[in-house]
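Letters A, B, C and D mark the chains as written, and numbering starts fresh at 1 in each.
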Amino acid sequence: MSRKISMKQAINEALDLEMRRDPTVIVMGEDIVGGTGAQGEDDAWGGVLGVTKGLYAKHGNRLMDTPLSESAYIGAAVGAAACGLRPVAELMFLDFMGVCFDQIFNQAAKFRYMFGGKAETPVVIRGMVGAGFRAAAQHSQMLTPLFTHIPGLKVVCPSNAYDAKGLLIQSIRDNDPVIFCEHKNLYGLECEVPAESYAIPFGEANVLRDGDDVTIVSYGLTVHRAMEAATALAKDGTEAEVIDLRTLSPIDWDTIVESVERTGRLVVVDEAHPRCNLATDIAAFVGQNAFGALKAGIQMVTAPHTPVPFAPSLEDLYVPSADSIASAVKRTLSPKGARSIAA
Amino acid sequence: MAPVVGIVANPVSARDIRRVVANATSLQIADRANILLRVLAALQACGVRDVLMMPENGGIRAHVERGMMRARSRGEDIYPALHPVAMPITGTVADTHRATAEMRRAGVSALVVLGGDGTHRAVAAECGTVPIAGISTGTNNAFPEHREPTITGLATGLAVTGRVPPHIAFTANKRIDVSLINGANGGAVTEMALVDVALVTERYIGARALWRTENFRELYVTFADPEVIGMSAIAGLLEPVGRDESGGLMVRLSPDGDCRKAATTLHAPIAPGMMARVGITDWRRMPADVAFVPEVTAGSIALDGERELSFSERDRLSLTLRDDAFRTVNVAAVMRHAGQNRLLTGTPVPVAAF
Amino acid sequence: MAQNPFPLGKDELLKAYRTMRTIREFEERLHVDFAKGDIPGFVHLYAGEEACATGIMMHLNDNDRIASTHRGHGHCIAKGVDVHAMMAEIYGRSTGACRGKGGSMHIADLSKGMMGANGILGAGAPLICGAALAAKVRGDRGVGITFVGDGASNQGTFLESLNLAAVWNLPVVFVVENNGYAESTAMEWAVSCDSYVDRATGFGMPGVTVDGTDFFAVYEAAGEIIRRARDGGGPALLECNMVRFYGHFEGDAQTYRAKGELEAIRATRDCLTILSERVIEAGVIGRDELQTIDREVNALIEDAVRAAKAAPLPVAEDLLRDVYVSY
Amino acid sequence: MLNERIKPIVMPKWGLSMSEGKVTGWLKRPGSTISIGDELLEVETDKITNVVEAGETGVLRRVLGEPGTVYPVKALIAVLAEPDVPDDDIDAFINAYAVPVTEGDGEADAGPQYHTAETPAGTIRYAKRGETGPTILLVHGFGGDLDNWLFTIDALAEKATVYALDLPGHGQSTKQIADASLSGLSKAVLGFLDTVGVERAHFVGHSMGGAVSMRTALDAPGRVASLSLIASAGLGEQIDHGYIQGFIGATSRRDLKPVLETLFADRGLVSRQMVDDLLKYKRLDGVDEALRALSASLFAEGRQASVLASGIADARTPTLVVWGEEDRVIPADHAQALANTAQVAVIPGAGHMVQMEAAGKVNALLKDHIAKAD
């Protein structure tokens, strides 16, 4: 049965289904149950934004509140994964990885290689990313490029409830460490989601819209901005192909390159800061592997090289907008844009 | 010349396995330092201006010096000068022996000891006639009395400054001398215990602390106080013997800890938080200056709760209790005397000499 | 032969001695071969500390997990990792325990419950909390032991792990191998509370200090602590005071040590000497029996070095292998 | 009265979830004379692109649907009328035309159109359309679901009660297949009919669903009023093994799209949405196992395991056989297996999904066959 649920519900459902299917799946994090040891209700919070609400009632102690000690419990999740469990650790805001990055990139990511292929670390670290929540500089970042830089990590960033459920289930079943990035401004977005379990394989981008004039590649929240831009552009007769990467590591190079080979134009949209991000990565890859197909210079639309500001008037300028994406598309279509490739 | 007091504070007491097997206390280093500061303040208040201290690198001295520095920076003059004994630090019991001997040679009037039975035993081995003021920071703590250290410091200060006459201030203590002559090479080892000597049949030293009773065969105690913790409690619960009486008690336990073979079964608190059922074969008084040869022919010897020596069938072991072996500050008597004579009022009543 | 007064049978005593001797021989050999330039990278030697790893590991089975440190050879050997595979790994050979991809600081054998030496100080502590959590979830009575030096005991992640283990009541034993030096910096200076038992107490768990050069002291205390953890009694900390015969790493001139310090600890605190004299004196094991073991261990190490030197190096394809299970 | 001579052409409703469609191009010019079955225009939905065929005759007097524009279902997109109907009347008709509100609101009426039945084989999803006339059961093929009858179900429901189900392992029915043989599937279908209280039905089976229908006709002849076999399995050994393997193995759009193109004569009919929907189905837990079990049982080593043609020829069940001439999955000449006992129609320009590609023709054949058999 398929019905409309939000991305938040979809994530909850994925955790529920996988915990039912596999007794080695455990879920831990700060306040993911909420109220542990306090006098009030059990399951008081279910996560700061209620993503895990209700799972404690179904799975009891397999949901574990942790002390506010990211280094310890993320490390414990990694250690437990290396010992046969499939832990899903919630790192509330992925900005917090600053205090536990060692456990992610020096431990989890390296075990398999460093131990000569003899280790598996099926841990999922999920948490919120992205701006637009008026949460300012330390709770709003899109730090995905830091993760994609690390060999051994898989990085996932869904843009909708259907993908979130299938990708989280795949993340849990996957035998490698996965960083699962949830854009907090997408939690409420609803779409059709089957009630059953399903897994979406990694490395398969989703083509949300076909078009022959320009390829727009993005992930997470900005996928929706890209779709808005594409709809607006269609009114002027420009048909944009919109690609939602879904997983950033592995990344679906083939779909990107095939599309660019057809459209000859590429706009990459990334909510991360402009240096060494997914946009630059994809632009470089296309430049190296599909240069001949390009009819215009590649355009990148990213957040600025600033921390995320607090004031709503500034934060609204921070995240790439549909207008900025449409403008970028227009630049690739302008004679000047076309000349830039020849120069 | 103002009297000088020596301080031996053991940073590694109360660290043994009994914290795991019996929830025993572990007094933190910072607390030990605070105890010392309280003692120092009391000594200063009594007119003691110089204190010698055993050097250690377990952190006590650093904390104490920090506390004294903070007081000075606030303009307070509440502590005597603290002088570490110049000696290398090994981090072992040898430090206590060495420091005690150095302080005795330096002519200290009393030794304040922070530690458990083991630390006190090490000090008693070297202190000669210098009286000991014991403060319990260890686990077994049968020997040092439990008391707020400020009071101990105060009593020590009053005693060493001569404001309480020596016959009231100091009291005599017993000990058991252990003599072990090696059957192979004729070498002799002499050791001592302040409270108890326990003979067990296992012959390894291991984690030192004694908390199992199944291999426990013989117990010799200088006093048998039913109020104290440790192996000596066994004796105390069979036949109390006071610290000030002559002689001690000897107890034989049933082989293999089998209570069915025993004449008596006893429940005793053999370690903090640890009640054990032990089978008792028999017990008898242990008069002073009579050498006892144990029935156990091979095993190890726990002195004041810690396994220290092992012996075999070839070795010759004997135990002798000594009355009047060393002196301690009688805190209770000193404080009673101070009260009766209003020593701490503005116009003290003249000391009454008996 | 005299009655055995020890808490281990003769075979177990011989095994303990063999383990300690193997570690010593392994490290002494590395010391020599490293100086010759035969070994790439850098190595941290466990020589002098053998009683600690051995006294603890004698209580463990393959189902129990350990997380080691940069100074991990001793832990590996005591946990049963194959000496040939270790030596080959240190020589960077494809026959190594990690196929030459890890080296001295990352030797692991998960099948033996050895979760890896670790180049990141203190990192093993949270990992072992996870291993212990896995054991607890499975209910298989497994325990997790993490080793940390006095230096890395100041890492926040170690302290967080003490708290987590206590809060979750995990079957974890935190072993602080206190050899007095954080690299070159004295423990007395660098550890503010001065006592690991105090640290443990601060996190609501018991702490015990033993003489880490005395195999029997470590063995007995570890036995109690591990049994307690196995039975659900929760975590505890074991501080082993011990000595490091070599520098922080090979090539360390150890100018921070006092004059005569090394000579003194080698003369008075050599755990192998202490153990062998104890068992010989008790009449349980003859000196000749130990010498036989010495010869066998010598041959084993010799063979491991020979085999490692003869083993193939990893090839170009290996560079890209085993980053992921699937990608 | 004049209005009765004015025949509106409206945006069709294909399938239960369709709420709007885009006119992609007109195949007839204004002024053309139109016969029944003539291809008028192409409409693209998010699921499929297809041709709208004329259901009436007349002259194409007005073309209102602009190419590239999306219209709600039932929106007026053209007007047919005889030449003698005055232009003013037609304009008046157009001005007065209002899109029926309830019909056009896809969400409101799509919901109840799907039902589930708890059957001995597990939960079965089905759709039921129409209330009168004979009972018809639509049985889809391997990897399909009841939406394969997108262009069929409403057409047949005009004069019949039509059930379409998702077989076990398919669509939104249970993914557990207890018995992956034709008999097993046949039992599941009969169990479904028992549950919904249908004793006897006209079976319309596509591909593997045709073989299931034949099996049912042989095992429980009393319950099968007639057989309509569309590109059916079970009439010969050949089958495109590459298609079966490709369908099972594909996990991405890139892999699946060319496989699905095998199903149609016109590859352009495979929309992105069709591929996405099938991928979503294939990702569900249990589907891969179900498809592999069916494939191993029915199409092992690239041959059909069961050929039921002679049995059906011997049975007296009225049978229609329909095939797309360009079927690349099961060859159209399999139709000839029943040439002597059944009505056989091979439709040019259509592939394996002939009921979608030539919906008008197939629907007419089905209506005719069922009416005769009933």
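Keep this in mind: contacts are C-beta pairs under 8 Å (C-beta built on N, C-alpha and C of every residue); 3 or more make two chains touch, one makes a residue touch a chain.
Everything numeric in this text was worked out from a predicted model, so none of it was measured.
Asks: Under the stated touch rule, with subunit C ignored, which chains end up grouped together?
Replies: A, D | B
Asks: Centre to centre, using CA atoms, which chain is the farthest one from subunit A?
Replies: Taking each chain's C-alpha mean as its centre, the farthest from subunit A is B.
Asks: Measuring from CA centroids, which chain ends up nearest the centre of the complete protein set?
Replies: A
Asks: Which two chains have the most contacts between them?
Replies: Highest contact count belongs to chains A-C.
Asks: If you average the CA atoms of subunit A and of subunit B, how far apart do the two points sit, in angstrom?
Replies: 66
Asks: Where the centres are mean C-alpha positions, what is the separation of subunit B from subunit D, in Å?
Replies: Roughly 97 Å separates the two chain centres.
Asks: I'd like the Å distance between the centres of subunit A and subunit D, where a centre is the mean of that chain's Cα atoms.
Replies: 39
Asks: Distance between subunit B and subunit C based on Cα centroids, please, to the nearest Å.
Replies: It comes to 36 Å between the two C-alpha centres.
Asks: Send over the residues of subunit C in touch with two or more other chains.
Replies: none
Asks: Could you tell me which shape the graph of touching chains takes: line, ring, star, complete or other?
Replies: line
Asks: If two chains touch, include that pair; go through all of them.
Replies: So the chains that touch one another pair up as A-C, A-D, B-C.
Asks: Taking the touch rule as given, give the residues of subunit C at its contact with subunit A in the complex, in rising order.
Replies: 65, 67, 96-102, 106, 108-111, 115-116, 118-120, 123, 125-131, 133-135, 137-138, 144, 156-157, 160-161, 163-164, 167-168, 321-327
Asks: Per the contact definition, I'd like the list of subunit A residues that touch subunit D in the complex.
Replies: 1-2, 21, 162, 166, 194, 196-201, 204, 206-207, 210, 254-255, 258
Asks: Would you pull the subunit C residues touching subunit B in the complex into a rising list?
Replies: Those in contact with subunit B are residues 2-3, 5-7, 188, 193-195, 197-198, 200-202, 206-210, 214, 216-217, 219-221, 224-225, 228, 236, 239, 241, 278, 282-283.
Asks: Flag every residue of subunit D that touches subunit A in the complex, lowest number first.
Replies: 116, 125, 172, 175, 251-254, 272, 276, 280, 283-286
Asks: Can you check the complex and tell me which residues of subunit A touch subunit C?
Replies: 24, 26, 62, 64, 66-67, 69, 71-85, 87, 99-100, 102-103, 106-107, 111-120, 151-152, 154, 174-176, 203, 250
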